[in-house]
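Next, two complexes with subunit A in common: one pairs it with subunit B, the other with subunit C.
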Partner chain A sequence: MNKSSALGRNLALPPNGVGRLQKLFSSNWGARLSAYIAFLIIWQLVALIVPRAPGPVPVFTFIWIEISGGSHGGVLRGQFLQHFIVTLQRFSLGLVMAVVSGALLGILIGSLPFFRALLNDTLLVFLALPAIIWAFLTTMWFGIGPRAPIVTTLLTAAPFVAVNVAQGVRAITPDLHRMSAAFGVPLSKRLRHLILPAVTGYLFAGIRFAIIIGWNGVLLSEWFGAAEGVGWRTRFWYDANRYRGFVGWVVIFIIFIVLLDRLALTPIQQYAFRWRDAQAQSSETTKSSMASS
Partner chain B sequence: MALLRFENVTKVFPALTKNDKPIRAIDAVSFEMEGHVFVTLVGPSGCGKSTLLNITSGVDSPTSGQVSFAQNGAAPRIGYVFQDPRLLPWRSVLDNLLYVSDEDKATASQKAQTYLDMVGLGSFANLYPGQLSGGMQQRVGIARAFSVDPDLLLMDEPFSHLDAITAEGLREQLQDIWNETRKMVLFVTHDVREAVELSNRVIMMAPGGRIFADIEIDLPYPRRASDRAVAVLQAEILGRFDEMRAEIPSAKTG
Partner chain C sequence: MTHMDLAERQARQVEWIVLIKRGQHFGAILLGWVSFIGIWFLLSRFVVGPILLPDPITIGIKMGDIISSGAFVRHFSSSILKVFTGFGIAVLIGTPIGYFMGRTRYWKAFFHDPVMVAGSVPGITYAVMALVIFGISLEGPILAVALISMPYVAINVAEGIEGVDRKLIEMSRVYRRTERHILRHVLIPSIMPFAFAGVRLSFALAWKVEQLTEVFGSSGGVGFMIRKEFQDFSVTGVLAWVLLFIGFMLLIERFVLVELERYLFRWRGPQESELA
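Right after this comes the complex of A and B.
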């Protein structure tokens, strides 16, 4: 039962048009939709007041031209796929490296006091360093090219994964470790079937942060240290003084992150936690009928 | 035949702070058990019963003395049943049993299924632990311990968290499985009635971790808690605990 919809029903007027509308907006799905609509309205208002802020209509028109490869006026044509694919490659490579190395570090820090003492402060330093510092540093180290954005993504995202995973490892109850030790379960099996599943929730939290912060990193790095890619293209429009282009690309980033979360991360998470759903679904009635058997 | 021998086993836990004294949990415990026996360590809480079990399983090590297990020269396989089920919530019942097995999957699955059937949970193999009641989870824990084909089965107050009726049912089941599989069992409890009902030898532990009495129980199986003979013996052993309390002042609080 959904809390907001229950509330909505209580407050709703008799089932006339207004009541139904109220019900729609107070449902889970409707509430989310209302947030987007409110955001668009506020955006339009800001565009009306601030003279140089582009409103939603010109921005979405720009996005359409950019994606479809139409003309922006003059010789400028829309370029979406080539930049997007290049950035996506850099981002995914950096992110995969960040998740793997962050998870390994997290497991080490979480399970061995020596590594905790050795790396805890170092990790804090890395967490405190903003993505823009890495973007500058990697551009200085590697020059213009694909390496700077990849390494920036890795360095900005990995600490977030490590911190979360380390916390997850520490949260495993010692009872399960003692059980494994009493039965002589080998370490490799314990890692795969005890530690990894136990930290899955923490790993997902870490990956969510890593995606957001790593995406930040890759764009900043491309802004300063690349000759193509989403970050470079955004800067291109900024330098050309075309704000609808700049804002258009910002909107594309946001849509990308939201889609990635909804279409990739959420389903994987649901699959990993199917045991929890099964637990929630098995009602008290099945439990009592089983117990009597 | 398998032989488990405790020789002068002593365990001293170091003081945690400067003002504390080191705690002697087990004090020069020596005894032997051989073959198809069911030995129960019974005593008030804090007399080192669980520590002795942990040392036997190798999770903990003694300060001095040693525990040895002789069985055709091979290292013993140990099954452990804990106070709580200690199952992995993200693995199905069957996969929880496979987790502790070192055999190939087909053999292990077959054994797991056999013992799940034995504890009456054969048809629940594919459910997650969270879908079962507490008593059923504890039965999974028992099946898990038997499924590794242990040379020695250690049980640490396995029924203490269950309601009386469920616990009684499981005790009866355990006697049957023990007789069927002919395993060596070392059982820990603070419940004298449980000790008398299940075991053919009861070792009474006193506070400070010493053996107070070693009592053979020669009653035929299967036994029921309501059997007259069980009740009489229980009263006798409780009488011995009264003696212990008179002899050892610290036992009064224990």
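Right after this comes the complex of A and C.
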């Protein structure tokens, strides 16, 4: 069954109720809707087979209670906003530091061959270090508290920003550098009119990676080394042996990162890359929206 | 005569410049390593203290201990086996998904969101899923690896299918080959390089998630040992294990996977296999 035959079959259908329903389900939106329904069914099946795994209904009920602040039974009450705000503060602080330091490092590495040779291997080691290691190390270094999650976010996210920015700087034609050198353009002007415009798109791509990777880092770090925040709350439910709470929070994390990605990051990245070839751009975003974790 | 002299001198000059440039390059790389280890030493001695940040020599000695005690081989082989089993499952399930995505508009729309979401959720999700479904077990990390690499395999195979030479299929039909024959000798050979590229793309993510899952719930493997060292509050142990692990994973990525790909797809000729 290929594209044309599927289309042909739809057109041949008589316009009665059944045909319209079938047409609805074979449209792109119908397909996407079916995917979500299939996902929920598979989830429910897994929950039926594995006694430990909670199904979609208890999980979404849990999420509702946790967000609305209702009772989980007994004295346990839902806590959502207080943890979310704490985590967002730590996350954004770490992220801002990561973006600033990563961008500076990336410009340095991208524009000077000496720094590239000097820092390339160090950067490779930092890129390869998993977030969990930073979570462990920062917990051992700073103890339980806000510093471990902030530093974990910074250390996991910064290398990705640096690599992307360095790539952007290196993509500038050397002729432009030589020309500005020949005409004696001062460094500040070169930064403003040559490097920054070329780097912006790469910077946003880097920030996008940084957010997805930093989010993983902050959660892990809060799991092992914090006394409040969403990561801690997830662990609280895990230790309490309430798997619906544990899974419920993970669902919240997924919804948060997917919404952030769809509503903010992808449009910003497309805007930043709008000067490039439109066709190249569309394949770029599908490819880059894949790489993560 | 003078002409020859000039050319020769110029050639020699160019040679020297190249040599100097290369020397500067390697000098900078060496300087990078020296300063990295130097800063580490200074931090360890004067700023943070040897308990919170042991110096590189202590870590090196610990690494030697881990290797000579045989613990590394045991846990590393357990981890790497799980990674490759997970990959096998990802290829087995991801390839048909990618096949349908590449052939029909309906399945492309159907799998679009699941594949995109699966590719952009944090790694902790997979670790948690594996833990909930399998508990502390051997299968958990395998499931996590399979889940994280499957979208990459599917996307790549879909791309590969879209690029399959339709004329080859038409020709096979003209010569009355069976559908099974076409699948075996036309489609699968054209898809496998793409499936493999998906595996290679997701390798760095996969071993990290595998190890994370072992940290959360496992009774063996490198991640389990890292967790154990963390609970003993041993920065030396955590760093020694992770650096050994990273080192060997980078080696596998650089040499084993590249060589394996070259071997598996040797029929494609040298240039194409370099590109993929």
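As a working rule, the second predicted complex is superposed on the first by the 225 of 293 C-alpha atoms of A that agree within 3 Å, B and C clash if a C-alpha of one lies under 4 Å from a C-alpha of the other, contacts with A are read in each partner's own complex, and residues count from 1 in each chain.
By definition in this document, contacts are C-beta pairs under 8 Å (C-beta built on N, C-alpha and C of every residue); 3 or more make two chains touch, one makes a residue touch a chain.
A quick note: this is a predicted structure, and the numbers were derived from the prediction, not measured.
In the overlay built on the shared chain, the residue A:Gly201 is in contact with neither subunit B nor subunit C.
Set against each other, subunit B and subunit C differ in how many residues of subunit A they touch, and the higher count belongs to C. In the superposition on chain A, no contact is made by A:Gly78 with either subunit B or subunit C.
When the two complexes are overlaid on their common chain A, residue A:Ala128 makes contact with subunit C while staying clear of subunit B. Touch criterion not met for A:Pro58: it reaches neither subunit B nor subunit C. In the superposed model, A:His193 lies in contact with subunit B only, and not with subunit C.
Of the two partner chains, subunit C is the only one that A:Tyr36 touches; subunit B does not reach it.
Contact with subunit B, but none with subunit C, is seen for A:Ala182 once the two complexes are overlaid on the shared chain.
On subunit A, the surface patch touched by subunit B in one complex and by subunit C in the other comprises residues 290-291, 293. Chain contact summary for the complex, subunit B toward subunit A: residues 57-59, 78-80, 82, 84, 86, 88-91, 99-100, 102, 120, 124, 127-128, 130-133, 135-136, 148, 154.
Residues 24-29, 31-33, 35-36, 48, 52-53, 103-117, 119-125, 128-129, 132-133, 135, 148, 151-152, 155, 201, 204-205, 208-209, 211-212, 215, 223, 226, 230, 233, 235, 238-239, 242, 246, 249-250 of subunit C are the ones touching subunit A in the complex. On the subunit A side of its complex with subunit B, the touching residues are 175-176, 178-186, 189, 193-194, 197-198, 200, 275-276, 278-279, 282, 286-287, 290-291, 293. The part of subunit A that touches subunit C in the complex is made up of residues 1-3, 6-7, 26, 28-29, 31-32, 34-36, 38-39, 46, 50, 52-54, 113-114, 116-122, 124-125, 128-133, 136-137, 139-141, 212, 215-216, 219-220, 223-224, 243, 246-247, 250, 253-254, 257-258, 261, 289-293.
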